[in-house]
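Below is one structure, written out as structure tokens; the observations come after it.
Chain lettering (A, B and C) follows the sequence in which the chains are written, and residue indices restart at 1 in each chain.
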Amino acid sequence: MAETHLTPRNIPDRLEGRGARLLKSWESLLLVVACLIFLGNSLASPYFLDPWNLSDATFNFTEKAIIAFAMALVIISGEIDLSVASIIALASTAMGYAVQLGFDTPALVVIGLAVGLACGAINGLLITGLGLPSIVVTIGTMSLFRGLSFIVLGDQAFTSYPDSFAWFGQGYVWWVFSFEFTLFVVLAIVYGVVLHKTNFGRAVYAIGNNQTAALFSGIRVARVKFILFLLTGLMAGLASICLTSRLGSTRPSIALGWELEVVTMVVLGGVNILGGSGTIPGVVLAALIMGMVTFGFGLLNVPGIVMSIFIGLLLISVIALPILWRRARRRLAH
Amino acid sequence: MLQDTLTSRMKPAIALEGISKSFPGVKALSDVSLSLYPGSVTALVGENGAGKSTLVKILTGIYQPDEGTICVADKEVHFPTALAAARAGVTAIHQETVLFDELSVAENIFLGHAPRNRFGLIDWKKLNADARALLARAGADLDPTIRLRDLGIARKHLVAIARALSIDAQVVIMDEPTAALSHKEIHELYALVERLKAEGKAILFISHKFDEIFRIADRYTVFRDGTMVDEGLIADVSQDELVRLMVGRAVGSVYPKKDVAIGEPVLTVSGYRHPTEFEDINFELRRGEILGFYGLVGAGRSEFMQSLIGVTRPSAGAVRLDGEILVIRSPSEAIRAGIVYVPEERGRQGAIIGLPIFQNVTLPSLSRTSRSGFLKLANEFAIAREYTSRLDLRAASLDQDVGTLSGGNQQKVVIAKWLATRPKVIILDEPTKGIDIGSKAAVHAFMSELAAEGLSVIMVSSEIPEIMGMSDRVIVMREGRIAGRFERADLTAEKLVRAAAGIQEAA
Amino acid sequence: MANILKNRELLLVAAIAVLLVLITWRFPAFVAPSNLARVYNDTSILIILALGQMAVILTRCIDLSMAANLALSGMMAAMLNAAYPGLPIPLIILAAVMLGTLLGMINGALVWKLDIPPIVVTLGTLTIYRGLIFLLSDGKWINAHQMSDAFKALPRDELAGFPVLSWLSLVMIGLVFLVMSRTALGRAFYAVGGNPHAAVYTGIDVGRTRFFAYCLSGALAGLSGYLWVSRYAVAYVDIALGFELDIIAACVIGGISIAGGIGTVAGAVLGALFLGVIKNALPVINISPFAQMAISGMVIIIAVAVNARAERRKGRVILRKAEAV
């Protein structure tokens, strides 16, 4: 048998160059779609290409996108977090309550982030500590976190936020670049690096593809998952600061239904809902597409709910089309 | 060999002629013929990988043969689905019974063909009464209304047998039915087989335990490497002869075992026990040694190994590595300490299907290939290239999904993955199960090289030639305990089989 | 005691009993038969919906679109009544059930024929169905004065002392119980969710069975659509918004395993009743009704933790000694 070792085969690292792989990817398809929508919008409305209009357009997706980055990691790892919108509500309520107690902007930010982290920790403990299914746990905490806001606020609202707090949702870092949009860009880069360039990101993919084998390979599965839920909570806290600041008020129904929009954004971005694959550039493009579609429909005076039909159809078709495509190709091959 | 007058006069209940079946890279069955006769028990013996389970899957409609014919009552039939085989009266009772834990015993028996009343609704009264009658015929004193999950494995078997009776199966395949049964339950099963025989069923009985084969079988068929090597009447054959037929070739010659100077003890395990899976495990593993762990399926070997690397916790026991006491609570701690485990279930525990080859290989050693937590792809490719070429991997590129590789090549990737961590001790659990001959040879050659380089190897295997060909020493486990220890010099297949099956040495 | 702990339904009955005792301690009138009947009536729609969700969850799927289906079917029923006040009510109910079934069939077909994960399918159809209500109604409300008296009266009409709504939910419980326990389809729901692999060996078509589960949940959502709209005498885009979570909560509390294959009609009904008792008791014992959401959240988490403990499977036993114990 030794002769097989005399001629070791040279296996190439990769068969295709970076360009070929990029061309075939889901992300390039999304990019084409994004460009078409951009083109359509600019043809449909003369106001679309104005830099300030474009800047305004970013506000309707940045907060959701911030959460979508962390959600993408959670979904790639094979779990889901449906409680994010409720974390926004609870964090916002906590900040509003702190205002009543006389706290100022820096403290509010800390409180918003801390509540987000705490909620994430509760999810993480229930899911990794007790081994409960994340979909049920987060449906429960979704009800619990928003329920706590309802207990505090009832049908009231907190509105008296300090002026300096408005900057997070309404301020600009430079020229047309708002704080929110800047945050979106920075976090996109951070999450892109974490997921695609670090050991941690590799562990996330490994867990999502085969949790048992990942454990056998020495990945600390429970710890990684706990961190992911912690991150999602933190991002929801951050989004809560932006949203509360932008609206200038807190009602318990704040960000109602956002969890579904965030999940849609992630899935549209090419993340497999069953875990194991997906990229941050994909999520970024999906966020841009959803933002532009909303804005475009707004310019055309199409009501928001019609836009949700479009998003729903988009969600199902982006998953159905590749399946149908593969089937058609297989039928042709026969 | 076929001058057996009794059966030649009878028509077979089912006859297979010239059956062949290939999988990518492996010929699982080649020109196999087998006939089962009413009222007769045929024992099918052969090592793991001899093609027995492929044959069972063809008989039950899960696989379709590439060549050959199946005849039931002299008519050629095809089994495109499991249902078609069941309709033709062929049923199998598997080791891991495929039944429904949450449904009642009666329902498990009648699911899909439950008695209905005149409104077309399920008639539970009749269902339970019929189930009770069938259970009585199967010799099981069971309440048909209790949930299946509340039963032990033995009783689940009885339910499966009652299900076979309910569809009026003429051919009953029993695939290692006693593997998980207690002494008393085994005797109940024997009585049941007698009853099925009396009812005129044709029975195919697959077992590794020779005592039971000689006790209940009328005929035997021996498979080796996907072919049928012999068949005949049990009355005309001895245990030793059967073992010889099964093992076949002169063991040792084809195995690339190198003579290695065995060094000092590396790993010492003492007093290892678990509440339900194993106890009293004591042994030493030395530098450059290949220690074989032999036993029947379900003897507790994998459970012990997984406990050793921290997947489960033992209730007591100590592990020393190079003289120092180790406490291992997770596989990541085991890997850091230098003990790695290449698991048996390649698809579930070993390979991460969906990730490319190079990422599979480097997953447990990322801390070495990366710099302060950031991936270094060049290092990853270098390591993947080094280990996969040493194992003679066949692949188009290192960026290919492991899922696209054949079983043998997947196994090479999995072994490479744990070797890349540069362990002191490597545990290989059934390293060549279900892989083709070429890949087997590569894995064996590599194992020898590793030992020669001073690595200590534990090899869990249920294949006697592999155990005998590769091991310096062998520990045999049975029912969670060590049942025998053998040095390479006095190793014989018979001794191993006897120790594993618990057969007393003939006085 | 150990047996009671093992039986999920008895455990739930005990929990509801404890709840009632605690409420009675503060407010004895709560357990007056007439009040209990009122609580049951108030929970009827949730019970009907939970029965449908149970069938879906049993097959290892989930239906997040039930509340949207309810709202769309209800809106259609209300508009039908507003446009043709002479139309007999049974015909309107039939139309609502048929529309609900059709919407369920869409879910089921996507799951069956395209193999799209159920959570994605129903997440998508949830937003689509809600959007369709807007398109159908142009965003307008159908108010009480636009509905015929017969349309509004049916759920409230009394039969032998109880409202028709209560009777209807009892009939549905009976029907679903019959389907689940006495038909091949009902048993297939359990088989598909309990062990899909083995179900195939038994000759059960997994996808087709799931399709029928969605048809059932759709039909029940359609029926609930009419009941909801007529009971509250109003229809608009956002009715029953977020109610899908209450339905799932009822199922989880009722011991229906989200992993499929485990659960009973009694469990679903008791789970819904548990939520119903809490909801009706809060104002009585002077807790803000706003606390209801947080409480059901807590209850879901506790229920899933308790169920997970019960479902944890025993490992294989190798040692003889251990087997004997």
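Criterion: contacts are C-beta pairs under 8 Å (C-beta built on N, C-alpha and C of every residue); 3 or more make two chains touch, one makes a residue touch a chain.
This one's a predicted model, so the numbers in the text were calculated from it and none came from an experiment.
K.L.:
Which chains lie in contact with each of chain A and chain C?
P.N.:
Common contact partners of chain A and chain C, which must touch each of the two, are B.
K.L.:
Going by the touch criterion at the top, tell me which pair is linked by more C-beta contacts: B-C or A-B.
P.N.:
Between B-C and A-B, the larger count of C-beta pairs in contact belongs to A-B.
K.L.:
Taking each chain's centre as the mean of its CA atoms, how far is chain A from chain C in angstrom?
P.N.:
Between these chains, centre-to-centre, one finds 30 Å.
K.L.:
Counting in whole Å, what is the centre-to-centre distance of chain A and chain B, each centre being its mean C-alpha position?
P.N.:
The mean C-alpha positions of chain A and chain B differ by 45 Å.
K.L.:
In the complex of these two chains, what residues of chain C are touching chain A?
P.N.:
On the chain C side, the touching residues are 62, 110, 114-117, 119-121, 123-128, 130-132, 134-135, 139, 237, 241-242, 245, 248-249, 252, 258-259, 288, 290-298, 300-301, 304-305, 308.
K.L.:
With touch defined as at the start, can you tell me which chain B residues reach chain A in the complex?
P.N.:
Result: residues 256, 309, 311, 330-332, 334-336, 341, 343, 348-355, 358-359, 363-364, 366-367, 370, 373-375, 381, 385, 388-390, 392-400, 417, 421, 441-442, 444-445 of chain B touch chain A.
K.L.:
Which of the residues in chain A come into contact with chain C in the complex?
P.N.:
Against chain C, the touching part of chain A is residues 80, 126, 130-133, 135-137, 139-148, 150-151, 153-155, 252, 256-257, 260, 263-264, 267, 273-274, 303, 305-306, 308-309, 311-313, 315-316, 319-320, 323-324.
K.L.:
Using the touch definition from the top, list the residues of chain C that touch chain B in their complex.
P.N.:
Touching chain B from chain C are residues 178, 181-184, 187, 190-191, 194-195, 197-204, 261-262, 315-320, 322-323.
K.L.:
In their shared complex, at which residues does chain B touch chain C?
P.N.:
81-83, 86, 98-103, 107, 111-112, 114, 120-122, 124, 152, 180, 182, 275-279, 298-300, 303, 479-481
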